[in-house]
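Note sheet for the following structure.
The letters A, B, C and D name the chains in turn, as written, and every chain counts its residues from 1.
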Amino acid sequence: MQNARPLPNYLIKRYNGWKATTYKENEAWYHRLADEGQRPRAMVISCCDSRVHVTSIFGADNGEFFIHRNIANLVPPYKPDGLQHGTSAAVEYAVTALKVAHIIVLGHSNCGGVQGCLSMCSGKAPELEEKSSFVGRWMDILRPGYERIKDLPEETQAAALEKESVLVSIQNLMTFPFVAKEVKEGRLTLHALWNDIGEGGLEHYDPEQGHFLSV
Amino acid sequence: MQNARPLPNYLIKRYNGWKATTYKENEAWYHRLADEGQRPRAMVISCCDSRVHVTSIFGADNGEFFIHRNIANLVPPYKPDGLQHGTSAAVEYAVTALKVAHIIVLGHSNCGGVQGCLSMCSGKAPELEEKSSFVGRWMDILRPGYERIKDLPEETQAAALEKESVLVSIQNLMTFPFVAKEVKEGRLTLHALWNDIGEGGLEHYDPEQGHFLSV
Amino acid sequence: MQNARPLPNYLIKRYNGWKATTYKENEAWYHRLADEGQRPRAMVISCCDSRVHVTSIFGADNGEFFIHRNIANLVPPYKPDGLQHGTSAAVEYAVTALKVAHIIVLGHSNCGGVQGCLSMCSGKAPELEEKSSFVGRWMDILRPGYERIKDLPEETQAAALEKESVLVSIQNLMTFPFVAKEVKEGRLTLHALWNDIGEGGLEHYDPEQGHFLSV
Amino acid sequence: MQNARPLPNYLIKRYNGWKATTYKENEAWYHRLADEGQRPRAMVISCCDSRVHVTSIFGADNGEFFIHRNIANLVPPYKPDGLQHGTSAAVEYAVTALKVAHIIVLGHSNCGGVQGCLSMCSGKAPELEEKSSFVGRWMDILRPGYERIKDLPEETQAAALEKESVLVSIQNLMTFPFVAKEVKEGRLTLHALWNDIGEGGLEHYDPEQGHFLSV
């Protein structure tokens, strides 16, 4: 705790500005949110990447989205082994406690985590294969996706694997009994999206056509 | 994947609005971000809670913050056991690949995850103690914090444990060798924050006084 | 007026998005609507409830429906006593000035106003019986409907009273001389609908069978 | 009830389309809304006019806005006289039962109700002054606004009175004890808006400058 340091001054200034404007204008709403608790309509699972902020893209304000962000927007398969699974805990809380109506998995272009997975799976990043690499072990979740795209032309593999990161997560979500049950009973829907950062594009997976299309 | 469904129409409309305004106005910047990659100054670890959006509080735009969000903004201790650790992967990527200069851990008031931990540790939520409870196992990370606050008056325990969730994370961050090394060499600083949702307050941990103070 | 505050920023952003897309695409139509005035085909009387938007259900665009919304979609009986009657004013304007061809009264499931009426009429909500309760006095309009459903099994009373709220309004509409005249002369038709929010169902009252049927 | 007629076929077709698409895509959300009740963030008071749909302008979906619509978006002064006040009932329900954080009063250009008020107050519409005119009596609420604009150049009076219809409503809202109390305690904020139909403009009242400005 000796290592906790004061916030850089530019962030304190910005916070003070937010307090005097955005907070002030929404004070009543923040009071309600504090008193009555959150009741978000959707859970969003997106990447930690600093270039993708889902609240901006969807004009969402406080209270709308319960947002989990990890490397490459991955959901591991259901595994109730008594160990720590932060993503599974977030999904469990969203579905069983908050009873969200949607889970939106949002992938994106130029994803560093997916690029690392591609390098690792194609044998070009031995350091990621080491037991001690947290990024490598985390990206192992995406190996089934790599198997499906490895024979594509090399220049298309990254984008294809980014989309697989979304689909693998959707697949794994369905291995959670409480997710599958809510989906089956019409109380939860899953959505697979991919955002092109440079072009500002948004594609969704169309199960009938079997690929991603612009929304 | 058969379970991926079209996005609700109101979100498509809002996305189209974003594309025609925010994206359009920042097109050059989005192109640069896509072409040259991200270079965020800070990593933020905050809660999934829909009521706390750090980009709003700190007026942060695309490219500024690499954001990991999980239940109760927790970082587990360093444990390179070859298993999947999503939070540790995010920290590793931020520090070793992106070389962020700050890690900000942001806790908040009225935290459902912390409340669950409080109930569990005080014996009032046996369902969270089961092996199969992802939320319960995840909140085990905060048990050392509970030990430090359990003798406080009951009505102050929740806020105290929310602050402990930040401090436990800071402590655990220092168990990662690559974090400790960067901190020691002055290339990385850690920041412990707590946000009061209703009042819009922001406190930071002051190591000299040994408690949280308004920024 | 000192109490008028700036709009929350997320709504300004969404408005800007609408302006750049929906407005832009329909600019010519909006200009015509402004220059030539509205000429709606139907008046809709529905509830204020946030879960029922008639424009969505009927794919209606600007200019189609003249919409009055109040608690429980009620029309009071004709009473030209020189006092303020907002609902009667809306009906008068729609029929005599706009000459709409239809008046659609749309009730819905899970109606809080109807539930309040049920509690009040069965003696379980004395606070609604007080002179100062605007909701209670407003729901008095529905008392004749309660008389018709009070002997039904308790679990069916709420839905039955929701449907009565539509029928009482249709009945009361016919007490307005200008409504009765237009109906008699074939220039106006009245429609009684009830929407099941959860199931997305829509029922209309069939005078021959004497009850509501799916459309 | 003999007067309830089947819905025009084009509306049944559109409803069937909505059921198969919008409802289907949002089924989970509609189920939640039905099971758990509404919890709208804001109440909107707007005009019945067919050309102004607030959900479109603000990209709002089911569950977000509790919407009361009457002629000229008027709120009468607080008057707990035991008579029927539909608008007051809607405000009471929104503030005391739903505990909304915002009340947005939305006026608009080319308002027929306001035009009628202008004609009536300037002596050009004696029929509206009759005791039996519901529209006339309803527009009496706006007479204090007319007093403030009657000396303006004639061609600017209509727009000025439309804006007064918003401000009179804000003023009257503050005469409701439960509104004033929530505003004072920071649990409710009031917003005064005016929409230019033809140009797609949106203005808000700025108390410091004392007039409406583009948002």
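Operating definition for what follows: a residue touches a chain if its C-beta (ideal position, glycine included) is under 8 Å from a C-beta of that chain, and two chains touch if they have at least 3 such contacts.
These numbers come from a predicted model, not from an experiment.
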With respect to inter-chain C-beta contacts, which pair, B-D or B-C, contains the greater number? B-C
Between chain B and chain A, is it the same set of residue numbers doing the touching on each side, over half shared, or a different set? same
Chain A and chain B, separation of their C-alpha mean positions in angstrom: 14
Expressed in whole Å, how far the mean CA point of chain B lies from that of chain D is 41
Could you state the distance in Å from the CA-based centre of chain B to that of chain C? 45
Could you tell me which residues belong to chain A and also touch two or more other chains? 22, 25-27, 29, 31, 59-60, 63, 102, 189
Residues of chain D touching chain C in the complex: 1-8, 11-12, 14-15, 17-19, 22-23, 27, 30-31, 33-35, 37-38, 40, 43, 48-53, 55-60, 62-71, 74, 76, 80-94, 97, 102, 104, 109-110, 112-113, 131-135, 137-141, 167, 170-171, 174, 183, 189-193, 196-200, 202, 204-207, 215
What part of chain D is in contact with chain A in the complex they form? 25-29, 31-32, 36, 39, 41, 59, 63, 99, 101-102, 182, 186-189
Give the list of chain C residues in touch with chain A in this complex. 5-10, 13-14, 17
The chain C residues in contact with chain B across the complex are 13-14, 16-18, 20-22, 24
Show me the residue ranges of chain D that touch chain B in the complex, using the header's touch definition. 22, 25-26, 29, 59-61
